[in-house]
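Next, two complexes with chain A in common: one pairs it with chain B, the other with chain C.
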Partner chain A sequence: MAQIELENITKQFGDVKALDNVSLTVRDNEFFVLFGPAGAGKTTLLKTIAGAEFPEKGLVKIGGNIVNHVESKDRNVSMVFENYALYPNLSVYDNIASPMRSKLYKKDEDYIKTAVDKVTKMMKINHLLERKPSQLSNGQRQRVALGRCLVRTPNVFLMDEPLAHLDAKLRHFMRGELKEMQTSINSTTIYVTHDYMEAMSLADRIGVLNHGEIVQTGTAQEMYYTPCNEFVARLFGEPEINILEGKKYAREDSVYVKVLDQDVLLYPSEDTIQVLKETDTDDIHIGMRGNDIKFAFEKPGDEWLEGTIYANEPIGNKVIMTVLIGDTKLAVTCPNDTVAELDQKVYVKFNMMNAIYFNGETQKFIIRNNMSRYMAEKREG
Partner chain B sequence: MAQLILKNVYKRYDGQKKKMFKKKKKKENDFAVKDVSYECQDGEFIGILGPSGCGKSTTLRMVAGLEKITAGEIYIGDVLINDLQPKDRNIGLAFEDYALYPPLSIYENLAFNMRAKKKKEDEIKKAIEYVAPLMKIDDLLDMKPSALSGGQKQRVNIARAIVRRPGLLLLDEPLSHLDGKMRQQLRQEIKRMHHEIKCTTIIVTHDQMEAMSLADRIVIMKEGEIQQIGTPLEVYDDPANEFVAGFIGEPPMNLMPSVIEKQGDKYMFTFEGSELQVEVPKRYNKVVKDKMKVTLGVRPVDVLIAEEEVSSTPVPVAVYENLGDERRISVRVGEMLLSMTTPEDVYYETGQNVQLVFHEERTHLFDPETGGRIKV
Partner chain C sequence: MEKQGQLVDSSKNKKIFKILEPIGRNLGLTLFAMFALFPLVWMVVCAFKSDAQMYNTVFIFHPTLENFRAVLVGTDYFRAFFQNLVVAGGAVIITVIAGVPCAYALARYNFKKKEDVAFQILSFKFAPEILVILPIFLIFQKIGLYDTYFGLIWVYQLITMPLLIWVVRGYFEDISIEVEQAAQLDGYTWYEVFFKTLVPLIKPGLVASALLAFIFAWNSFTFPLILSGFEIQTITITALRYIASDTVHYGQVAVASTIAVLPEVIVALFIQKHLVRGLSFGAVKG
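Up next, the complex of A and B:
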């Protein structure tokens, strides 16, 4: 039970800055997800909190106390790694009991039994207590590893990609399991992942890392609907968000953006006009997600744009169609049974409802369509 | 251009036989590939899909001539190729590893095999100029392999396989080395290349998404045997058995052990350790009976939350996830979670009761003993 504060953390490995002036506050009892591409510095940040790495600059505070010089074992943190690191010669019961039997936390066996019973019931592994790790499935092993972490009541739980090496199918189920038992975790948790669905599903708040810097912190909804720049917008959602390059034309009481080689005019919603007008560049990028583009094989009307099919790929429960218009490729989300020939004609139409505007020079977020409506909904939600 | 036919092909590795007998394993298990037959039409793109160790690569290697065939016949066109040398089979091959010649430029790498066959230089040049843009490597021809990224090297590798315009192109996990983005791009390029040259192509992969997006038809294998052959849509909508149902699709199909219970004129799915009961789609009325054990298979997109009163038991929402593009809602059923996904912008509180309905046409039943599909 503790708030974690990081102040201006810098960590260098040789010439490489793994963490570059990172400041971050994780609230007491919060489930905080560190998210970013490989090499962004996620694990290094986690290790800094655990006390496995020591920063060159900056302060690490747990529960208000500076812990820079406190050894790992005295920080009262509990960590789960990607590989479960279970003791192969011990039963599930003994594996889970092991941290409480260590010299540091030495508890009596009655206490241990109560604690193990509680956590194994919660993890639904109480029927496996006698088994050895080798007799368990991957998913069960993962639950044992988590159970061993949860059996203590540390200040902080640190989880480093605990689902990463399960196969895709199992990962889906385990994510649900983890989410379900989240309510019974009564400690601040920091969870590292590179899977955007895990991040969105589990997090109270997400911190996006890139090149050792925090790019944005916020809720999953904020990341998806109001990303602070194009990099963040691209990280969330499948297929990746389409970014259309355009030019802004301001008129007396309106503004429009020409995209796709100046051929297509897009009209921003009322509430964005003023902000877009005041933006000091004409170089505007519009972010448009695949499910906001409609498609048809017969031209339904004049306002529909003609393109050709560059690719048509089923990815499980939907088809991602890549539509080529001029030199621009657009990813369009289609129903699972969409069958199409490559290079055949297709017509698309943009639904501007969720359009996000970025500054074309800086790639930074300007505003999104229906911002006010979205903000109102957010308050209610 | 060629048609490929496999007729009752078997493969047994020599060492394997002894080992198997020592362990007293069942006899039918000692084949790496067992009774594999299929026909690949001229110009068709076939995906061989399965988990590791299912015999998919072995099958490909027998077609390539890199493995001896234990029994059965393989034809390319109308020629029996069982005893033909690999070089005489007119096959283009690309593996997961690129194996480019490091001291040679990309152009020379592509030209190497044709030069070995004493082709004229202007012919070679023409061939390379044709394939380079197909694989988007026309800017790389003067570079050395060491200057290329993994994705670029794989493009060159595939270009080298098709530059001689083989009758048959064989690709063994060509994308599994590459990371997300690169993989997706190259997947598109491979499909477009095939669309352009219409060369009969076989790709071996363990990634269902790859097979689904590339292949005209998919051959799904498990433990050396073919489970199903069909178009991507066929194997998704109409899986032959529980294995195929679970292997194809993401998020995966819910597969739940269930006991059927007759209630009046209705049949209900019931689940051990759960109060949940959901009505069995009417079309199964002829094949189900009271107390029958089945494995219920239904995809997350085909589970719906009823808006009006239905016969299923209300159950509390265990997990609600907003994933941006879609929402996922799960309920606890005994030891398992039953999940549904919807693109609609809906919200359910954890603990809130919901009533579930399964899509009438797309609810599957499997025999829990054999895994076979119970059809109407």
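Up next, the complex of A and C:
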């Protein structure tokens, strides 16, 4: 097991910068999740560590050694590829046994048999050992690819969306297995996903990547409660966080914000006032998660905003209601038994204690309530 | 009731159709097979006819082995057969050894003018052989390659190489680069990856295109006609000898051709499976 360090990695494909000056340290035995939208450079970053791609600039270090000029076979890393990259001419058994049969990582056949048995039982593919990859479903292929990765004891596991093509139930199960394995064999793992639940549940730390740049690294808690900008805030959480565009009005001893061109005044919580006052713009965006919005069908008071119901989606354990105020849509999380007619009037109120404030011009994080608590956690992390 | 009647009627029609369809299909295929095979059959028939009966088109005749004796006994026909084998086989071996890496490079690496190079290789097949034969003849005489195995094998690359490179390139492009990367991460060297992982995957295309290359080389006529003399005689040129100045011994030509065709037929039958799958697969992609 080893620590992975990337220093100022830049990788270009023609005119496109896939990675732009990326620096990153993944500690020994850490489960690090790379998270970001499609085309952010996540796969390229993994391949750079694996040695399948070579960066134009920067250093790749595994366990303190610079490996820029080390061939991928000698780096002792194990990778799950997004498109599986199984050997079509070999059976499932031989695919999984392949890394243990190379000269470099040679094991005897008895060892191989036990190792393959163990990993295929865990993946629930032990009845498919004789099949060729072409006779498997995508989910099964993905598990074979994952199995081929997990039979080894490498410096680092690199996993490129290893659960993306599994059905929801199996994905949930495998997530648990991976987490369990991570703690039992103490492996450094870098894991790519675009599923925020997977990221938050698995990660010791998360790195958010966008346009080839690291936007923020931190624990799942930090990502969720103190995102460094609106982009990160939008990535985590379902339904997506509501960003309310507002104007700040500063008074002697208080600050209030008007949002969505409505007359209702929003008062930020005490401990945020000072920082908001000092912010040099009046253009404030408020991040408000769907479960911090209260709603009512009868107007309970003057501080409630009026809107109409645009959509109402029951998703099992909750209902996501889309409320239209002016021409802005708000996603509100409601209890399961909520029934509403489309275009019906609805009144909403924001829980300002959980508001996240962003600079409207730069979209950067300003402050949130109870900042000290999250900062303390950050230091510990 | 009327409706029911109709239903019965239509199901009856279906039944008849079910019986008629395969009959019609097989009849059509048989007709086509006769059309396609007739020249070959006629060639074999001619091989057994005497020169006197050559021009009648009746199928009843006295079969004779006279032609076989004239062609095979005490002549250098088998020498030509062997030499043809050496030239065509050698050409195919060189094509495979040089063409597969070339196809790999065209499929995997990005270099300047890549597509132009690929097209240039293909364009060798565009020009009729007669177009380039004269300069090659003159050059070969100057540098001593005229009437040598090496000279012919070299020139045959024009016929055999383009097809193989384009088919195999398509196969390489079909293999995702991640498979290679995965194999390297598994701890295999590049050569192990190439021979253990890639070669099995391109095998159908390689076998099929190598066979076609062999057939092209085996059948080649213009190049050996001009570029070989007394030392080397391919079988296509030898067959020409039976067209004498006074008369044409069609029976002997037929014998020579019939035997010349045998290796191709045998090899093609053996790897028929690869041939169809291999070429159609590569062609769609290439």
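Basically, the second predicted complex is superposed on the first by the 310 of 381 C-alpha atoms of A that agree within 3 Å, B and C clash if a C-alpha of one lies under 4 Å from a C-alpha of the other, contacts with A are read in each partner's own complex, and residues count from 1 in each chain.
The rule is short, and it goes like this: a contact is a pair of C-beta atoms (placed from the backbone, for glycine too) under 8 Å apart; a residue touches a chain by one contact, two chains touch by 3 or more.
Keep in mind that what you see is a predicted model, and the values were worked out from it rather than measured.
Chemist: Per the overlay, which chain contacts more chain A residues, chain B or chain C?
Modeler: It is B that touches the greater number of chain A residues.
Chemist: In the overlaid three-chain picture, which partner chain does A:Ala85 touch, first (chain B) or second (chain C), both, or neither?
Modeler: Only chain C is touched by A:Ala85; chain B is not.
Chemist: Return first, second, both or neither, reflecting whether A:Ser98 touches chain B, chain C, both chains, or no partner chain.
Modeler: After superposing on A, A:Ser98 lies in contact with chain C but is clear of chain B.
Chemist: Given the touch rule stated above, what does A:Ala50 touch, chain B (first), chain C (second), both, or neither?
Modeler: The second partner, chain C, only.
Chemist: Where on chain C does chain A make contact in their complex?
Modeler: 176, 178-179, 181-189, 192, 197, 200-201
Chemist: Going by the contact rule at the top, pick out the chain A residues touching chain C in the complex.
Modeler: The touching residues are 47, 50-52, 71-73, 75, 77-79, 81-89, 98-99, 102-105, 148.
Chemist: Taking the complex as given, what residues does chain A use to touch chain B?
Modeler: The touching residues are 38, 124, 168-169, 172-173, 175-177, 179-180, 183, 196-197, 200-201, 220-221, 224, 236-238, 289-291, 310-317, 322, 333, 336-337, 339, 342-343, 381.
Chemist: Show which residues of chain B lie in contact with chain A when the two form their complex.
Modeler: Result: residues 179, 187-188, 191-192, 195, 208-209, 212-213, 232-233, 236-237, 246, 249-252, 299-301, 318-319, 321-325, 328, 330, 332, 335-337, 339, 341, 343, 347, 350 of chain B touch chain A.
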